[in-house]
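First subunit A sits with subunit B, and in the next complex the same chain sits with subunit C.
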Partner chain A sequence: MTQIEMENKQALKPKSQMKSDHKKILKLSPEYTQSSFAWITSLALTIVFLLNCFDFSTKTIKPFAFSAFLAYSLFTLIQIGLTVAIRKDILTSGTIRKTTRKLGFIQLLGVFTGNVFVVSFAFNVIKEKKTPEYMFAVYMVMTQFFIIAISSLNLFKPYVSNTFLLAMTLLVAILVFQLAATLLVAKHVTNQSTKRWMTWIAIPLILTAATGNLFALILGYGLLMKGRSNDLSRIDKWDTMWGKITRNTTATLGLFFIIFMFSISVCSNFTFDYSMAVENNYSALLQPPSISYPLGTDDFGRDLFTRIIFGARISLVVGFISTIIPAVVGGALGAIAGYYGHRTDNIVMRLLDVLYAVPGILLAIAIIAAFGANITNLIIALSVGSIPTYARTMRANVLMVSNYQFVESARALGSSDLSIIFRQVIPNSLAPMIVKATLTIGGAVIATSSLSYLGLGVEPHIPEWGNILKLGSTYLETHSYLAIYPGLAIIALVLSFNFLGDGLRDAMDPKLD
Partner chain B sequence: MLKRFLVPIVLVVVLVMSGCVKTKSDVEEGAKPGNDGKKDLSKVQVELLGMSSGESDLNIVRDQLVKNGFDVKLNLQPDYGSFKAQQDAGNYDIALSGWTTVTGNPDYAVRSLFKTGGDYSIMSDSEIDSLIDQAGTETPDEYQATYKKFEERLVFDKAYIVPLYTSYKTQAVNKDILNLDSVRLSKSRSLPWEEIEFNDASKNATDPLVLSQSMSTLTSLDPIKGNDGSINIINTNMHVRLVNLTDDDQITSEGSLSLNHSIAEGNSEYYFLLRDDINFAKVDSKKAVDSGERVGADDVIFTLNRAKDKDSVPDHRTYTLHEHIKDIEVITDLGSLETIKQSGSDETVKAALEKGLGNTINSLVDDKTKANSEEGMYQVVKITTTEPFPQVLNYLAHQSAGIVSKKQVESINTFDVASFDVNKDIPYGDQNTVTEGSQYNNTLYTSGPYILISKNDYEAEFQKNPGYMTGTKHEPKISNVTMRFIKDPDSTLAALRNNEIHLFYAVPETKYDVVESDSKLSLQSIESNAVSYLLFNTKNREVSESEDLRKAILYTINQDDFISFYKGNKTKAFSTLSPIVKTGNELVADPAKAKEFLNKYQETK
Partner chain C sequence: MEVKASTRDGNRLLCIMQNSYDKMHQRNSYNCIIMILGLPVHLFLFMFYVWRKRDNTYSSLLEDSKRSLADEGFKEKLRLEFRNQLIRKCEFFGQHVNESELEKQVENLAEERFLKIAREKTDKRLLKEGKTKSSYSNFFRSLLSQPLFFFLTLLPGLLMYLFIFMYSNPFVKYVFERLVISVFVVIGVVILVFSILYISPFEPAANIIGETATPEQISAFNRLHGLDLPYLAQLWEAIKGIVTFDLGASYAGNEDVITSIAKKFPITLIISLLSLVMAVLIAVPIGIISSTKPNSFFDYTFMFIALLGLSIPNFWQGLIFILNFSIKLQWLPATYNPQNWLSVIMPIIVLGTALTASVSRMTRSSMLEIINEDYIITAKAKGLNKRQVLWKHAVGNAMIPVITVIGLLFGGMLGGAAVTEKVFNISGIGSYIVDKQFIPDIPSILGGVVYVAITISLINVIIDILYAYLDPRIRSKIKQY
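Now for the complex of A and B:
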């Protein structure tokens, strides 16, 4: 159908139907939806900066917030223009023109303003055929860049940690290497395969994941698999699953934020000075945010920014471990109950029902009150309460999976029960567990913070988000930033886990295919 | 292309950066060994015990100790009960402690805390004991030097305690509702409710004055059976005393049961001329009524005899305050007063007691119902102390010396003290008798301006004593008082700003800004007798054995940090005496000395 014919056809339709047709066409273009998402979030951030750049009490303009507002409004305007251009392209020709895609390179500059939404869109739009590897590479570079940017804020402090220079040099070198790798990935990796020599890049890439940048690990693994493996179905499965996740903007941004937080918790060991987070400084009490104290200082003169960075570590560690423990314990119990059925099932599940009847947070409070407040007890307290829910999920899956033919054939071949459970049943029941675990990590992060907030978590001087928030709550009216920033950090991390969990569910749930 | 330039670029960046960036070791070069929060086995570990309400102080102490090379283990307890349990079990090296001298006299600030066998004392040092006893018998001019010696022994020589700071006493008042001039703030004395009035005087009789308190469990409404924050203010306003304290802790008869008082030569005999215009109040069908029974000398004698007698009631908590009282008697021989001279003056005791009276003393009566000031017929009570002890008057001004009715208390406390059964016997002032519910049976007889009608977990309701100094300026202005129980200071402040309560006593330092920025609130502040200090464990710990270790900790503590943390709303302290006696001692932090003592300690180990 030529373009004229199409236009003619459209002209015959009533206006309302044309509109809904447009909507359908635009909905099919991932770039268009991403672009809309980017300008809306970017505009929201611009408004936040606008509201912040004017000091209402002294009637003056804050230079820093104002310049941030200007930069953000510039990129928001370009983004709106791009959205309009994409819309026009799609409605007229069905695809996005090369010239429009080229405009994405301008938006890449948004990385210097820290605008993740615009940048992630730009990477999406400049490449027409996107492989999961390309997306990993892009996010890997972004993570690395933001780590370096955040760490270099320490340069404005009176002094930096002893390992700062060395660590920063290494981080920059890794960034350069990763940039080069990204260019190669963009050029040489397709959906089915890659050149064999690309696997030589994969190994150093995996090594750079030691900075906590897990995107490098996933990318390296993907490259290795595509370069070495001939198992097309495996590659296809990989591409389908990650393709679904990377096409989901919110899930990818969630994953990005989680990996970013993880990476900064690793790198902060070397680029941040822990003493600034725990040692009191009476000459800098309750300082408002400034260049040397990016988020201000608390009532003991400790740098809030450093405290939040170090707090991420505890939140992540407690969140992960207190999810993994019940997932493993509950998963094993659920699998046994589901596979053997009858009496075993009854005994295991009824005992777990007893545990299920005790409210989780109350159980945690009781455990901590009895055994004292420290990180180990905190993890145990949070783990115990969520064992039954994992057992239930696992049991339901195992009940379903153990009736499949491949299980029966394994049994016919004489495999032992244990080998059937661990080789056939569990791997095929894992998907819902992973989704559930991702969704509950957020809950665990909140529970950790809540317990600290109640004074039942770690010691008060240890930087932990709940602790920081608790201290901030005393100053809600006079120094509100003390509560806002840790609050935002908790919200962002929990939201990220929830988005990622939703994305994983969409990608893994066979019912949604 | 890129790769060719990469190495030189990185090198240049590193060189430039290392030229202008200071690292931690550059900054700390030559200074003390850095602390990166990591544990060092050679470090001395100290366990710091405290309540979560003192979290900020504990953090400052922890920080200072850590910076001076100690390894600190925090033992943070949520409330006083668990704190006390940990302290009694000895699970600490240093405990964060606080003391408020509610009587305003120096003896109380040291006797029960540091003397061997004192109520709260965990130490035993004969030199300290003798200095406390010596100072007790001395007049203010003399005891200053004695207390200075005592402080030096306590802190410098032996380092039994580490002083931290003295607090201010603050209260926030809603000045749109209350007449600000009628709300007093005194150094030691509890807030007198009877003087408070509303801006709109017509509301005094109708609207309740709403106050707040954090503790809702009242220890006991029998004055001698409690001495803590839950009842101090309540009992002070429910019972009149022989004397009162002024706002700056001087003894006065103003607003007390006595019209005048006098100290006889020798500082062992004390005379009080009693008023005849106070009747006990009682509660009848949830209304305060005049019982018709006058507060007189027999009640005073009964009250003070039971106050000093350890076995007068089960769980007596205040007898140590009154251990200096030897005899209490009513004087009927007017002639004897004319012969005795007043201490430090040529005036007779009679002249001193008559000062400012409308009528001279014509005769003294034994029977309180016969006393009549219009006709010059008065009651005089004489108290004799075991030794010359002028500070006894401060104890008589304390709430535990509040006058109770002989008749009423004797009719309620019919049980035998030795075989008291907490499940069966209900002592006078038991809080259950005033708590709403099946056990409610209000038997209170109060001599003060107000009487507690009933309470529940949320509030307590008081009404004015209709027989309390009627027609004088001390007659309670506001008829009804409600005491809200609000546990958390943040909620209390919110309640104050919402006009739910009218006055908030003890505003936390972090909330001063908020109070000051609210136009309807007024923040009153006065130096108080509250001192915070660190108390060393005296049993089975390194700190209890080693004076050097204690001194190392003593010189580690820097009081200036506390003052800057509290934005100047604290002052320096040297011991619990600091707000009362100006001894001139000052503790100056000295990291070098601390290091020296720490090294000494480690060598001897």
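Now for the complex of A and C:
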């Protein structure tokens, strides 16, 4: 084949080839994929609102759902336009033009409709060089904003809790401070370091994490490290690790929702009135959703919205504790079995096989049958069943790690077995455990509500998502919203944990590097 | 002719037995089991062995080599060597040399080394003369090759011979050991569940008879159900009951526990199995397609749906299904009814959702891993087209971890069926256990949980065996002792 023929062939590249080339170029741009993700999810939400804004039985339009539909469709349309613009920019010049990036500021307004997908995209697109700190700052502000927005729904209630005004003022003040900090972070933090005076902002930022806004804590820690530490490898590790997670849109949104839920469970102590969630109100039985009762009321006149907010803390607490206990116990057993091997391994793992043979839910039912249904027993019951899986994961890692040379050198230097296990082996086999734990918290949340639904979990008088659902299921025919909303809350939380777990796995998996 | 053939077969059998015994006696645990199983034979043989040992060549040979070594002055040489070594050692560490202590140590070390070398020498001589060191296992081994001995001891040693014969085939050995392990696991499960229920602070008697129960009534109830017995006696009864399928009557309602469990088990099993079939039929193709087009819109959508499926609580999904398909659309009945097969559709889908999601995610990740393996590149380089590579080389291998996951999740599904059964009002084993736990009705809960655990163990054994049969890597691993 001559040179000319070759060139001809190049020029006559088939159309499909061109298309796949385009696809490859577009895939390399994180903004483009984020933008597509944002418009698709936004469109999906728009369709959900559209389907809900028309009441088929009475043939009327619900004003609230309809206005939400209008707002969402507006931002979705802008988002689609932006996606097209970004696509054109990338295919013509290879980068996104400054003017296109400026358009992102419009999408920031989406924060008032509660459309997190569009807003998180907007923050991504308006800054070209993103540091993990910038992302934390942005999500920190978003969390704070949504907490204030959710809490201010209480203004439409007949009465608010005593601490409401004070708490709201504080929250708004914190929001203003965090906004200022975000602007500074966007300006002065680079991937390598930051100005030393930024550390003075870091300390009050860490203090604001007392509202449960853990993004502030991570951001403050990052600023302190970058401002004070000279250990470049440590900073680099931090940047790569968090960079990978924050580039993963779904994982970050998962983390955002978890922290938001955590924060609202902390703040709701002061901004929400617990009596709304537990005390009977016979003047407001089975009210449909309205502005003063955003999700309606149940058959005792209790506000469903407040109940769901107060239920979040139980799901989070039970989920976390019943993941930490088996992770520690199972991890220790697995580490011992894997490190010592032979007979120890055999004995430990065979005993755990017994535990593994009983399905988790059945074991939990048996334990609760024996000791009664309350939160402590529920946590124990859920913990015991998942010890073996953690032990297996840890054992497999330890078996691998304890063959590495650094363990051998530690042994040659005369370290004791215990110090080798705790200093060398366990820290190096933690990553899969963290991923596994994140992925199983979701399972624990589901198990908690399932057991509560069966009447075997949390005591029935406590507003817990499973309990709320159990009550709602009896009104399925007439007031189905009582069963739908708590279920949506469970799904959102579990989905967030699963997304975060997937993201962590991708970030920590050395195979993907 | 026939006689010859049969003797040849017999010889071959003995040969197999001998080989198998050779391999087995290297492990202490197997040796122990052989001794116990063939106790009558071994008792007799051992006495015979001790009696015959008197005219043994080994000890005389040992004496002989000892004498020859002593004649060479070997012991003196050793003593001198050790003495010098010890003195040097003491000098190095700056210790004071104690003469009598030193003498003692030298004597000990020299004696030890002398015996060791004498034994080695004897072994070497034995080997040269073509004799084996006489030990009991060698003695037994040599007898095994004699047909007469074998037939004489066939009856008393039948168990032992069966055991040895079984272990001559690595595959049978694997299956057998796997079954033995599951028996132990099941016994462990009985002990675990029974102990949990035993230490319960609740008193079933008070719950059943009511608050007005007198102490006499309570003690009569306890005596009736054997609750006044000590822990071990009750535990033994429970294990016996599980094995012999006789757990007595339940506390409330006085119905036979086994009969009620047997009545409720089939429906749970059927629904779980159908869910499994549905999950595999849907999930495996989706996983394969997703993995062939990674990071495409199709892939993202399906994996998002799968993650959503993992995040939906069973009972909520069931309620939403009832709300939409039974109440609003009125397509399917809301509760289960054995006469109406339509009523089983919703429970199957609800129960199978999580499994479908897991299996499709697992299939995808396993396929993605396999596609990057060297042998797939080889297959492509060989000139196979995409489809051949995918179906002949990738899918089969990718299914191996998927099958394990299915086995493990199926157990969880049987356990998790309790919630789905409650939602759709199915009287299966799960809702039976939940109903009985309020009392707590110990035999019913114990029976329910343990029989579910047994089913799961059995399924896992079958999957393991299938594996060993299908996966050449595991097969070769089994063959290595």
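Assume the second predicted complex is superposed on the first by the 501 of 513 C-alpha atoms of A that agree within 3 Å, B and C clash if a C-alpha of one lies under 4 Å from a C-alpha of the other, contacts with A are read in each partner's own complex, and residues count from 1 in each chain.
Criterion: contacts are C-beta pairs under 8 Å (C-beta built on N, C-alpha and C of every residue); 3 or more make two chains touch, one makes a residue touch a chain.
Only a predicted model underlies this, so the values are computations on that prediction, with no experimental measurement involved.
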**Asked** Is A:Phe112 in contact with subunit B, with subunit C, with both, or with neither (first, second, both, neither)?
**Response** neither
**Request:** Determine, under the contact definition given at the top, whether A:Phe422 touches first (subunit B), second (subunit C), both, or neither.
**Result:** neither
**Request:** Look at A:Asn498 in the shared chain and tell me whether it touches subunit B only, subunit C only, both, or neither; answer first, second, both or neither.
**Result:** second
**Item:** subunit B versus subunit C, judged by how many residues of subunit A each one touches
**Value:** C
**Request:** Report for A:Ala370: first if it touches subunit B alone, second if subunit C alone, otherwise both or neither.
**Result:** second
**Message:** Looking at A:Tyr404, would you say it contacts subunit B, subunit C, both, or neither? Reply first, second, both or neither.
**Reply:** neither
**Message:** So in the superposed three-chain picture, is A:Ser480 touching just subunit B, just subunit C, both, or none of them (first/second/both/neither)?
**Reply:** second
**Complete:** Both subunit B and subunit C touch subunit A at residues 477
**Message:** Touching residues of subunit A toward subunit B in the complex: what are they?
**Reply:** 155, 158-162, 164-165, 168-169, 172-173, 176, 180, 273-275, 278-280, 282, 285, 299-300, 373, 455, 459-461, 474-475, 477-478
**Asked** If you look only at subunit C, which of its residues touch subunit A in the complex?
**Response** 181, 184-186, 188-189, 191-193, 196-197, 199-202, 295, 307-308, 310-316, 319-320, 322-323, 327, 411-412, 414-416, 418-419, 422-423, 430, 433-434, 436-438, 440, 445, 448-449, 452-453, 456-457
**Item:** In the complex with subunit A, residue positions of subunit B that touch it
**Value:** 2-3, 6, 10, 13-14, 17-18, 21-27, 34-37, 52, 55-56, 58-60, 62-63, 66-67, 74, 76, 78, 490, 510, 513-514, 560-561, 564-565, 567
**Asked** For subunit A, which residues count as touching subunit C in their complex?
**Response** 27, 350-351, 353-355, 357-363, 365-372, 442, 446, 449-450, 453-454, 456, 469, 473, 476-477, 480, 483-484, 487, 490-491, 494-495, 498-499, 502
